[in-house]
């Protein structure tokens, strides 16, 4: 009974936040930039949840998530340019390709432990980036501009930012719900056991290779999905922007900041860190280039040195203390 | 003659020039408790690792209920019904006590795709609670495994190894580093599991009183060979065993 | 005949650049082996060292070769500082935490220089070391040759230090088994400090020497750190000769791929070999010490 009440309370809060997010664009009609920052926040909530699955739950430090993101972006864009295919189909093709790449790559390197897996993913990501930088068919270093179509749902193109806002909000919510579901599921339990003691998990009869691959592939799907939508939003993709390792790195920083292996962590991290970085960049103008990264670096250093559990654990502790105070 | 549960047939394992297991043959009948003793470095844990597939034997075969399981992947062997615990406790520190047991269900029958959204079902939770009740730490079920005392972790390992209704349980020094009261408790649990559920055990143990008291039969391992076999009385009076312990250590 | 000269030239280029890679890799490898930490900021320490040389040259007129001892001492202490103020608190932390910490350092150093010096490329003009040695149609740039020489001397010194001194042996013992070393009375804290100092000093030398023939710019560390990862993995972490082997091998692979296939794709070969080694021989060709 008491649990039911708690859930209702929690649900009510989430419902209020959702209503606020749905109504927010009404107040931002003259502030396209703020709307843009919101969209980027949603993008990173989704990408960070994807990283959270493979890194936070299954404990495999992947620096290749931006490659899956780029595969999504490039696939749908190429299909749109050459076959005039709707991105709604391109989106699924992109996810399928990213999933296959993740499966093959994961099959080869997921047995590597700790640092080795991390550096192997970096090497793979760099190879893909270098190949794309030199591959004329995909625009090489110049990248691809998306052909401008009639603004429509069919082409996933609109002249205003508003529809994008709702689409990215939806994707962020879906990926968070997905992670929430996995968090509560048996697979979530297996992922966490693999992270804590992989051989121990094998000794419980868990097919650790299968579950690591599963986490990797699902993670790649989310990234590719976001990649397609991002390309539709930005209308221009190139290896230097889409395959920048900083995309994966930012995800890691966001997850670490918010709280590793928690559902709320990536949301908290993205909501705090992305606007902060954007704000510094704006505040310091053109000369402020680079400051956002310095601030990221400083925040992460402070987090790993003093609060490696992330901000979410601070909030949880505060809540506990408040409850204790209320009780007494 | 009762049915054989686990059978090891001339098993050999070498590490470089060192022969850790030399043509080992042994068998365990259903619902037996077998003690495996021997001086340090005699190959007991290596034998466990070979049976569970974590080491690939160089020679020999292993049968579980007449199915050849030699060379299968570890998780598949565990899924066939071989449970195992460790000398130094190995619980998942950030999973709760309950989860530590739930994780040991028999994974063979579960749908791996559906596990993404399915939670542990009522039967599994009921069984896990019963096991926690059985070892007497039911009140700790929501605590993280890492916060248990060493002795409690040993008990938790035991309970967790029983979760999948194993064909055979391999226990590696279940009482090492545990106080005498708890040793008795652990041994009582093992005996009870054996009598009530008919669980088969193969136990490595250094505490002679304990292992002699509980085993139906024993094997003695020294430098990779089985030097004696039989009921505890016979093993106790075997001059070769005496020699191995005095000469070995 | 031309092909023979070309191949010879490529081999020489590979060895010359491989020496620098080895010098960068050896510091990374030392820290990796002893601390079980992969220093993602390694390339940025390299960049910082190159910038120090550049600053000494442009503000005080000191040639990088002259200011080299200064840079080495500075980086020795920067290495001490890194251990003392950051890494000391992270011993026995999970892998992700140490990766994040070194990545954070990397961002701070890289973009610190980026903000101060802007992203421009700089060169040191009229250095002491210029010109090339010509042997028939093969040319060997003097700066690179001296760099290789200094790299070799550094490696020999480091190798002897690890092999013949008491502290060096303690470092090797710690790399093999920290707990055993501790029980033998090794002051592990001090060993970590020395390890970081030496590792960063090595990369300091590499950075300073690099500035004599390479552009100096804030983002230069990015590619070098990846190449250093590749060298260390190829050679096996935690060993001096492993790093030398790895560095030279990577240098040769890069030059051959760049010359005979495509200059733009030279690093594809490096990373390709890197992944293959990780998959098939994850311990590298030479293990720990």
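Just so it is clear, A, B and C label the chains in written order, and each chain counts residues from 1 on its own.
As a convention for this text, contacts are C-beta pairs under 8 Å (C-beta built on N, C-alpha and C of every residue); 3 or more make two chains touch, one makes a residue touch a chain.
A quick note: this is a predicted structure, and the numbers were derived from the prediction, not measured.
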Touch-based graph of the chains, sorted into line, ring, star, complete or other:
line
Please indicate which chain is farthest from subunit C, where distance is taken between mean Cα coordinates of the chains.
B
Averaging each chain's Cα atoms, the one nearest the global Cα mean turns out to be A
Let me have the rounded angstrom distance from the C-alpha centre of subunit B over to the C-alpha centre of subunit C, please.
49
CA centroid of subunit A to CA centroid of subunit C, Å:
33
Centre to centre, by mean C-alpha position, how many angstrom separate subunit A and subunit B?
43
For subunit A, jot down the residues that touch at least 2 other chains.
none
Of subunit A, residues touching subunit C in the complex
55, 59, 61, 108-109, 112, 114-116, 118-120, 122-124, 126-127, 130-131, 133-134, 249, 252-253, 256, 260, 289-291, 293-294, 296-298, 300-301, 303-305, 308
Interfacial residue positions of subunit A with respect to subunit B in the complex
181-182, 184-187, 189-190, 192-193, 196-197, 199-208, 210-211, 214
Okay, in this complex, where on subunit B does subunit A touch?
52, 54, 74-75, 78-79, 84, 86, 90, 92-95, 99, 102-104, 106-108, 110, 112, 115-120, 160, 164
The subunit C residues in contact with subunit A across the complex are 32, 36, 38, 86, 89-90, 93, 95-97, 99-101, 103-108, 110-112, 114-115, 226, 229-230, 233, 262, 264-265, 267-268, 271-272, 274-275, 278-279, 282
